[in-house]
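Paired with chain B in one complex and with chain C in the other, chain A is shared by the two complexes that follow.
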Partner chain A sequence: MLDLIAPFFERLYETTGLNFSPFYDSYDWGRLLEGMWVSVKLISAIIALSLVIGVLGAAAQTSKLRPLRWIVAAYIEIFRNTPPIVQLLFFYFGLGAITPQVDMGGWYEPMIGSFGWAVIAIGIFGGSYNVEIFRSGVEAVPHTTVEAAESLGFSNLKIFIYVTLPLAFRVCLPALTNNIISLAKTSSLAYVIAVPEITYSLSGIWSDNVNVPEMMVLLFVYYILLVAVIARAMTLLERKLALPGYGR
Partner chain B sequence: MTPSEGWTPDQPIVAIRDLHKSFGHVEVLKGIDIEVMKGEVICIIGPSGSGKSTLIRTINGLTPATTGSVTVEGQEVHDDNLDKLALRRKVGIVFQQYNLFPHRTVLQNVMMAPLLVLKENKREVEERARSLLAKVQLHDKEDAYPAELSGGQQQRVAIARSLCMRPDVMLFDEVTAALDPETVKEVLVTIKQLAADGMTCVLVTHEMGFAREVSDRVYFTDAGRIVESGPPAQLFEQPQDPRTREFLSKVL
Partner chain C sequence: MTWTVTRLNWRLPVIAAALCLLASVAAVAQQEGAADRETALQALVTWMPFILQGFVLNLVMSVLAMAIATVTGVILGFMQISPSAVIRLPAKLVTHVFRNSPWLVILFAIMFLVPFRVTLPGGETVMIPDWVKATVGFALPVMANVSEILRGAVMSIPSGQWESADSLAFSRGQTLRHVILPQCIRRMLPPWMNWYALLTLMTPMAAILGVNEALGNTQAAMEAAGSRPEFLIPFYLFLMTIFFVFIYPISLWTRRLERRYAASGA
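Up next, the complex of A and B:
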């Protein structure tokens, strides 16, 4: 792959001074690939965690236990009304400092590394939006449909899993897509706690090569493509889940 | 299905005694007494807001009673220790608005509860579901989604869905009220067949002709009370109470 494009980018650098070093230098190429791979892993983990929190939070909000609903409401208020970067720093430096160290055979490492804290912090941030999104979906499910399931002997848990959730999910898919895309972009904040995702690896490249504008272009292109892929995937999902004749 | 201890089929399968129901300060049911024997078909008629839906919903525990007693096969429904699942497999209910699961096909709608709730064998359930759909004349719609069906077809799926749980009693709450006049008949035919097969049915209905034809006994309710009850011929032809007469003169 690199062999194919390297001559072109080398000539580009020589003739114009535009230095896309990852496209001809195998060390920088490695850094770029590693950065993209970590970024994709990070984003996937963040989205997965935020979805789990969203579903559990929305379920908790339908609970009869009032304290549980209060806890969820407080969580939403806190994480929606503070900047995600402050949350990230709080988790990493605040909670990171008090989590135990693990013996790695001679040296010690924090139990949760910077990648872990980025997933936790941004996942919890995104989850606070997802709870609200899922809740609006749950509220859109007709009470009478739930009642029909109840009459057929479904337990509350089975109603939630087999009736409420699948219907709510379809309703809130557009809002969910927006939040997932926003989370993918927010993942670049992990840069500030040195998670080796793409923004971080490219910053390593540009400080070695002094090619900031070129690497910035690369970063833009990466995120534009990534968001396009996510948006496309969500559209396909929406189409797959669309119900014949429903919603006319 | 194990009926509660001490209950025998010669006792009422559904017995409602001095049932009261209030929503906040408003008393909607003011002392209802009804007994239904196995295999009987009873109809509840009455003006809008008289508490018919509330009454029928107390029988499967969807609406809790305030005071009084409702028993199904001798089992008290409004008991905190009631096994809700046991009650709901005995009592099926069909609503005015069908309430099918829109994200499942017709066949899946019918199979869902026996599979998920009763954890029955899939092949047996599927066989039973297919034969029930054939019985309600919908064997060619198995793979359709509810939104692709007419109201009457959806309502017949809802009936099949309830029947697939093999209930002992079926409740119908104005199941034809949302339908076009042409499709009302196909649903009534289905219920009539069910009644002829010996299913115990409690129906709330505005279809007086149907009530008269199908029921063993008719109850006329007004303002939370049963004003009058009797065999259809008597209630429709020689109503005793002036309120019954007035109601019938409006709807017949």
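Up next, the complex of A and C:
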């Protein structure tokens, strides 16, 4: 792949001075691929965690226990109304300093690395939005449907899993798509704690080669393509899950 | 189930107090021995004015960036609904690019690609401070979203109103000014406020690039106080509390407006 495009980009550099070093230098090419791979892994992990939190939080909000509803409400308000970057630093430096260390045979490493903390912090941040999104979906499920399930002898948990959630998920898909896209963009914050995702690896490349504008273009293109892919996938999912009689 | 909205009014002081309490408990809990050294709580109290001073810069940046974003975003929004493709398509492209890129990437782009000093036509050079560049960097994504809010609001007006205005011999400009926009402003206000809150929450990112705002000052204060690990939790919790106290009333107010407009069927 690199052999194929390298001559073109080398000539581009020689003739125009546009230095897209990752496209002809094998070391930078490796850094670019690694950055994209870590970024995709990071985004997937963040989205997965935030969805789990969203479902659990929405379930907790339908609970009859008041303190539980309270805790979820406080969680939402705190994480939606404080800067995500401070949350990330708080988790990584604040909590990272007091998590146990693992013996790696001679040296000690924290149990959760920067990648792990980025997933946890941004996942929890995104989860606070997802709880509200799922809650609005749960509220949109007709009460009669739940009553029908009750009369068929479903327990509360089973109603939530088999009746409410599948319907609620379809209702809140558009809002969920928005949040997932904004989470994918927020994942670049992991740069702050030196997770080697795309922003971080490209910043390494531009400080080595002094080709900031070219790498900026690359970053913009990467994120716009990523957002387009996610939006496309979610639209397909929406179409596949569409129920006759629900939505448009 | 509207309980989260109606009962939230008294939650601000409670949650803020809880955060503060957590910060001080964390500060006290982590004092092991070392009675002669300054405790984390004392250090926090000592450096509080310095951190708050940084927070003022956050507020200045957020207000300025919002002003820039609103003006440019409204212009961009009008360009997006223009009947001429020459105006519409570039506006759509700009909106698309800045809506779909991360804040951090846009901030980097502005910080590295805009020169730190410019030569005026008169020959004198003017230094552009970092915080001004950061403000522009924060304004760009919000600009794109304001533009999209305006477009969405105009699109949400039933097309029958355009046709009625047409039949009353209103020109396009007149229809926009006297019929469409007065209705749009109500619809645009809650999302606009939401974006202000989000923008303010993003301003600490400027610390990455060396602007001395609240986050930068907090980190500097921790270092100056001896950079001991037990400072980390209370200092960051305190920083979160300041932002929370400022942002939470705004988001409550936004929600109330949203509810009111939704109820009146606007």
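What we mean here is this: the second predicted complex is superposed on the first by the 244 of 248 C-alpha atoms of A that agree within 3 Å, B and C clash if a C-alpha of one lies under 4 Å from a C-alpha of the other, contacts with A are read in each partner's own complex, and residues count from 1 in each chain.
In this text, a contact is a pair of C-beta atoms (placed from the backbone, for glycine too) under 8 Å apart; a residue touches a chain by one contact, two chains touch by 3 or more.
Bear in mind that the values here come from a model prediction, so they are computed numbers and not experimental data.
Peer 1: Go through the superposed model and pick first if A:Glu147 touches only chain B, second if only chain C, both, or neither.
Peer 2: first
Peer 1: Could you tell me if A:Gly30 is touching chain B, chain C, both of them or neither one (first, second, both, neither)?
Peer 2: Neither partner.
Peer 1: Considering only touches as defined above, state whether A:Pro174 meets chain B (first), chain C (second), both or neither.
Peer 2: neither
Peer 1: For A:Pro244, decide between first (touching chain B), second (touching chain C), both and neither.
Peer 2: Touch status of A:Pro244: first partner only.
Peer 1: Once chain A of both complexes is superposed, is A:Met216 in touch with chain B (first), chain C (second), both, or neither?
Peer 2: second
Peer 1: With the two structures laid over each other on chain A, which partner does A:Pro7 touch: chain B (first), chain C (second), both, or neither?
Peer 2: neither
Peer 1: Decide which partner touches more residues of chain A, taking chain B and chain C as the two options.
Peer 2: It is C that touches the greater number of chain A residues.
Peer 1: Please indicate which partner A:Tyr162 is in contact with in the superposed arrangement: first for chain B, second for chain C, both, or neither.
Peer 2: So A:Tyr162 only meets chain B here.
Peer 1: Is A:Gln87 in contact with chain B, with chain C, with both, or with neither (first, second, both, neither)?
Peer 2: Only chain C; A:Gln87 stays clear of chain B.
Peer 1: Quick check on the complex: what are the chain A residues that touch chain C?
Peer 2: 73-74, 77-78, 80-87, 89-90, 93-95, 97-98, 139, 181, 185-189, 191-192, 199, 203, 206, 212-213, 216, 219-220, 223-224, 227-228
Peer 1: Along chain B, where are the residues that touch chain A in the complex?
Peer 2: Within the complex, chain B contacts chain A at residues 60, 62, 84-85, 88-89, 92-93, 95, 97, 99-103, 112-113, 116-118, 144-148, 158, 161-162, 165.
Peer 1: Can you name the residues of chain C that touch chain A in the complex?
Peer 2: 1, 4, 8, 11, 15, 18-19, 96-97, 100-105, 108-109, 112-113, 197, 201-205, 207-208, 215, 229, 232-233, 236-237, 239-240, 243-244, 247-248, 251
Peer 1: Inside the complex, what are the residues of chain A that reach chain B?
Peer 2: Going through chain A, the ones touching chain B are 142, 144-145, 147-155, 158, 162-163, 166-167, 170, 243-248.
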